[in-house]
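Across the two complexes that follow, chain A remains constant while its partner is chain B and subsequently chain C.
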Partner chain A sequence: MFNLLPAFSLGVLLIVMEGRGSAVNTPASRPVTRKSKSYGRSCVEAPSYFWQTPGHLTVLKVPTSRGAAKSQIITNKVDPEHIALLVKNEWKLSYVTPLHHFRHTQLKSYAKHLSAFIVAEKQQGVAVEVGLDAGFKVTFTAVLGLAETDEDAETVFIQIQSKPVFAAAADAPKVVWRGWLTCVNGDPEYLRSLPPDFVSLPLFCTSGPESLTNLVKSWFERAFDCNFGSLALNSSTLNWLAALWTGCHPACNIRYLKLSWSLPTEPPLDVLYTVNPQDAWELWNSIHPQENTDDRIDIKDVQAFMSGMETHFFRHFKIHLSAGTLLKVSTALGSAHHDGKIKIGNSDYITTLLALLTECALLKMPT
Partner chain B sequence: MALLSPYSKVPELNTATVLLVENEEELQNKLANAIVQHEKDFNVNVRLAKKLPLPVENKEARPRIDLIVFIVSLLSERSLQSAESSLSHLHSDCFLGKVCFLVTDARCGSHTQERLVSVRKLAASHHCPVICAEHRTADGVSAAALRLLNILQVSAGMTPMSTTALYLSTLTRCSLTSDLQEDYLQ
Partner chain C sequence: MAGLSNLTGLVSEPSGEAESSVSSVSNRSLRLAEKEKKKGEADPFTAAAKYLSQFKAGTTVRGNDELERSILVVETVAVSKGLPPEVITVLLDLALSLNAGTPNCSRILKFLIPATVVPQEAIVKGVSWLCVGKMPMNAQVLFLRWVLTVFDLIDCKDDLRSIYGFIFSFVTEETLCPFICHLLYLLTTREHVHPYRVRKLLDIQAKMGRQPFLTQLLALYKVFRPDLVTLSLPSRARTGFKNHNSTWKVALSAVQRKNKGAVLVDQSLSVDVKEKPSSRKRKRHHLAVPPLSSAFDSNSSKKGLRLQELRSFKELLENIHNIELPAQMGSMLGSTLALHYLDCVQDESAFLRLNFWLGHSLQEEFLLCPVDGSSDNTSEACRFLNTILFSQQFLQEGFSSTESFLYKFLSVWDGSLLRPQILDLLSDIPLMPSFYMNKLLFEPLKQLYFTSTVFFKCSVIECLNSMLVKWLTWHSVSASEGSLDISLNSNSTMTMTLSGFMDSVMELVRFVGLLASEGLRLENCHVLLLNQTLAFYETVCDMFLKYSLPLIIMPPAGVFYPALFAIDSISLDRLGYIMYRYRMNLTLAKQQKQQREQTFHISRNAYKEFNRNLQTMVNSMWNSQWCIPGSDLEINKDLIALSKIAEPWCCFDIIHHPALFSYAIEFHQRCWPERKDVDLGSIKTGKYWNWYMEFLFNQGFDGLNNFIRTNTGHGPSSSSQDDRQPLSQNCH
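Coming up: the complex of A and B.
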């Protein structure tokens, strides 16, 4: 390439130079290619697409195709009580970086420490003994069976119960906060590349008051040296969910496909586009025939599906939905909101949803 | 189909013409004002369009267009789709240094990153540069105008001793890192 720069200055133009000038040797033992970040790296580069795990370097790519949603009678593998807990609420999503020294065997002691921490934070300045029956009771449970592959760590479910202020002594404590950490079908190369002390449970779902969520997050950050961040679902994730859920229609009636858009007009226009499930399924079937023995769905199919819906809407209302943002997708199998809130409707397809969300969490996680 | 061609007309003395193509028509006006008001030693004509092809009626009266800028807003899919469909109305000679992509809202969170990658793939396949602009502040608009003016100066041939449009585009064209390129070449 040219080594001479033009004589006049151009301001800062974006040039992506690949490794020119930086002398980095890839060690022979590593199977993955190392991305060297030279100074010419443009700020256009999305930092969340490439990152380093502690001590190793891996590159995670956005997948362009994935397997179709498979129904699993999950109650075979997982305790139905646990499933009932997951299906009930609306969950707010965050991503977590890998946890250092997290042991699934020490859940009871973690529970004690967390409850002491919460009580201490609530009554700042007063010393609290670990193990005392304080106002908050925390339980950590391991939900076995949700993990898909060998590299996935087991899901951990956390509940915080407390007695309401004016309760009689005999009243049972109410659950005020729930949360769970999970990893379903995480990228196996990435998980294998983690150093042995780290456990990766990248998806964190919470339901309950924001103050308790922040307390739990800060306890985790102190105990396991990890970082939390909010996970927003971008439009391509929502598109995948719409397509995957529609594809499940013959096996399990999704009852409706609702898409909620927001158009940037003055004042903003909110569009709720409800589609009859049979029509949606016929559209999906014409794009990706079910007789296809190959189980993979390509992103082009998803894009064709969404653009079919958008063209139909345009034909009737002369509004281009692609000029706005897709905020929410919901079917009877669940709903997902752009801000990172999900609701699980049907436990049979829970693994597909969680696998997609785990992937989002892994991609969103910073270096 | 009449394609917009860069060399079919005779250039005017000390004048350069830039065409801003934007589907939303919001940044165009601000950018045009900033470009025209900026201090420079040559005359600049700014033409605005929503999409290509340009109307046939003004074909004779239109001056030679030296630089075509596609303004893409990353917050809407439609913006990118409209830019893509407009690209097919350009003569292939235009891609030798006369086309540039201007992208706005590239910093707005994770949902724009994938669109940014697709814009960069599009630009790389056509050998054009990509510039990011900040359109909500006056400073951002004037900075973008200055950069466009610099590129315009070269593509209009005002700086023959330093560089030419083809040379500049070869240097500044958007390139993809190798793993993105793998996806693209598949």
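Coming up: the complex of A and C.
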């Protein structure tokens, strides 16, 4: 009754014929630009892996081996007075994105501005003349010599002293806050990929009241268009520190290796595990013999070291430490806490520690 | 006494000039001129103004009836019509010189309502009287309040700016200080801010405490010279200046309403330089767009204009070559004016700063610390993402830090947190090589898609549709621009060949095809999902015609058949439209191919698939057939017999199709209202068939209409050389 097929099949045929003729030609090879202008770097085509080959982030960035800790008499390179400022204190860690237009030659002017800023923030709504000492004295110092490579920017140390209004003339101003920005052995590829008007000092250590820390941070954010974030140390970093410090024992007595765990039981169980330094070293030496000429330490060695200690603990207490979180590692050389607090005990091994922390900070950089 | 001579000139003008021109004008105008002259002489206002302008110092004031009368006349006019500029000058001079006595000074000031503008020299002279220092304090205050009130009506402010120093000197007068600060605030430019002035203001601040007017002026100084002064405004500070216009407000606005078209005075004069109040709730608020501020870089010799000084798009255009980037690039997202400028910025460092800030904010909020009570922050997060979205849509381009954030975030997203924003951001993702798409985009999206509700599925398809439209639009723009100069900024652009672009598009379309067919199967051909899917294919089918991309991809069977057998008429109609557009695209491709040897090709498979779909559609809807000869799609007859439906092949023809069934019934009722038993078969006979078609098309089924017209030659068909016959002729 309805026979519409001819009309349609004609149309169909017509098109089939066209299809037949075409061979698989190479499409026009005219290049197509993705953007006429890019708001930032393309995150797909990366100049280096730090500029994120997306999806590969976590795989690529974390190194699996590093050099053993080496002692160097740092005071030969750096002013001993400066070094004295860095050891002994407990420092809270943060990471900082690269600073724009930061110049080491302008430190005096920065000090003036920061002190005026702090006064203005403390007295909301009152204007403060820049360069007038009132209440706070800020000093910026360049700690020369701490940088390891040409790419590393020199460390900057900041100190805030408070000058009480009614203090006697003889009273020395009291140091209320200290902090420093540093970069030791930063990934050269990353540092080189930054335009020249940026200075990367990714690790920020502070000691002093939180309110002042926040003021300093917000001044930096306004002055150099950078951003701060807190830097927590994951257990992999802490494992590395435990192994690196233990490896130093023959050269420098580490006195003890203290590890502290938190186990997710009800109620939570805190385990403080103190190991005799000699025992710890012997375990380490059995995994990574000292006479090994190759100075690299592999992450596998570190894992073996930690699991050796965990096994030992299990034998005595029947507790699997691996089920918990490693919170703190400390030796006479220094200590590091999971929530991002460190202490430097011995200045001779400062470079190793700072290089590791710089690396952690760089891993946090937004891409 | 320029104003005075001016005035006399004005008054005597009619008498002098009118006479000289008498001979040349007609009688009528002569009469008019005379009338005018009389009126001029008789006008009590002119006379009074003349009298007041000639009022000498030392003339008796007390008991001077003429003075009293003149002031009264002028006052009446002032309040009703406003005063012309010359009279303003005269009266202000008379009042401030105190020639007419102290009481008259404030009396005159109070009715000094300008009709149009206030001449600048009147104010300058006023300030000079202020410097003489004879005026009582309340008169000084009144004068300053008056200046502030009429500030916007002052014709030109150059001379006022050049006596900035004189005005500034009054800042030490405690009573005058608030008004002087306000006036200075309105006059200050960067050249006026000097260290000694800053110091003076700070001295006063030390004496008077934190006064809003001082704070406001100092905040402006900070905008111009952040290297001299710093200040932070508390979140709840009273900022801005008080309005001092109470004395004149009513009269002034009445006069202005009457003289419409004249300059309007802005009743609220204070311009806000206040920074946005920072919330004290969060310890570190990384989710706020920072306020615009300038860097204190003291050695910057080039004095560019700061973005926060700009008030209008016009100002931006005039100064576009000379604008300083803000201290924090992120602050540019807070203002549309700044976004306009951002669109012109070519500085790589600037974009890097912006992306560092944006990437950091997103990372801190969504990736690193989602624990700290993120639930109560969603409104803040939502506002932030909306700001980004707004900026990206404004710039018609996504930021690279948003892009890389999304790749990371997709793998941890639960699919519900801020869904609309995240999906909108996703649709802004720029074109990328097909190689990355699977891993970065499709894998995480697929997992979310198949584990979420049908509404999420719809949103995903919608999002990918919008992404495809953006890619295609970008391509069609760049293709029409010809060859883009790639070398111009080769370090920041990614190059991709046309075939690479086609690969990416193909990959995206293929992925949506997969999502849609599986989704439709899982959701029992949910009508919303089907419609989102068809909306996507409406984009796909037109890629060649609309976006000049030589690529034609047919929908997979999992999409085509659910649409063909849909129970709602809208889906069926959309399918008809899509098939119609496919045909138009294929026909054009074929014609271009014939005309000139194009390098592109439409794959043979596309033609094949189109023909197969076309055949299926026509067979089932018109020919009541199911089997397609030579196709792999055949249904076992025994299987169909199991369903025990009498004539299964008729079930999806244009009358019995579930989507159109109700229309067929309605048509039947209209044709044969008296019939009790419905026999839809009778629609197929004779003229009723044509009527039924017309009836259907009148219901708004344009898609089906187009489909039938083009595929049957019924109506205007673009294809030539075919001998197709109208639908009706094939029926017998």
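Criterion: the second predicted complex is superposed on the first by the 304 of 367 C-alpha atoms of A that agree within 3 Å, B and C clash if a C-alpha of one lies under 4 Å from a C-alpha of the other, contacts with A are read in each partner's own complex, and residues count from 1 in each chain.
Here, a contact is a pair of C-beta atoms (placed from the backbone, for glycine too) under 8 Å apart; a residue touches a chain by one contact, two chains touch by 3 or more.
Since the structure is predicted, the reported quantities are computational estimates derived from the model, not experimental observations.
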Which of chain B and chain C A:195 touches, first, second, both or neither: second
By residue count, is chain A touched more by chain B or by chain C? C
Considering only touches as defined above, state whether A:172 meets chain B (first), chain C (second), both or neither. neither
Can A:320 be said to touch chain B (first), chain C (second), both, or neither? first
First (chain B), second (chain C), both or neither: which does A:109 touch? second
One more residue to check, A:234. First (chain B), second (chain C), both or neither? first
Just chain B (first), just chain C (second), both, or neither: which does A:264 touch? first
Considering each complex separately, which residues of chain A are in contact with chain B in the first and with chain C in the second? 2, 5, 7-8, 10-11, 14-16, 18, 33, 35, 43-45, 364
Residue numbers on chain A that touch chain C, as the complex places them: 1-5, 7-12, 14-16, 18-45, 52, 54-55, 57, 97-98, 100-101, 109, 113, 116-117, 120-121, 124-130, 194-195, 197-198, 214, 217, 221-223, 225-229, 364-367
Residue numbers on chain B that touch chain A, as the complex places them: 24, 75-79, 81, 106, 109-111, 113-114, 116-117, 120, 129-132, 143, 146-147, 150-151, 159, 161-163, 167-168, 170-172, 174-179, 183
Considering the complex alone, what residue numbers of chain A touch chain B? 2, 5-8, 10-11, 13-16, 18, 33, 35, 43-46, 48-49, 59, 61-62, 64, 232, 234-236, 264, 320, 322-325, 338, 364
Of chain C, residues touching chain A in the complex: 198-199, 201-202, 205, 210, 214-215, 218-219, 221-222, 227-234, 237, 283-284, 286, 290, 293, 295-298, 327-330, 346, 348-349, 351-364, 368, 395, 397-401, 403-405, 407-408, 430-433, 436, 439-440, 475, 478, 483-484, 486, 489, 492-502, 550, 583, 586-587, 589-590, 593, 599-608, 610-611, 614-615, 618-619, 622-624, 684, 711-713, 719, 722-725, 727, 730-732
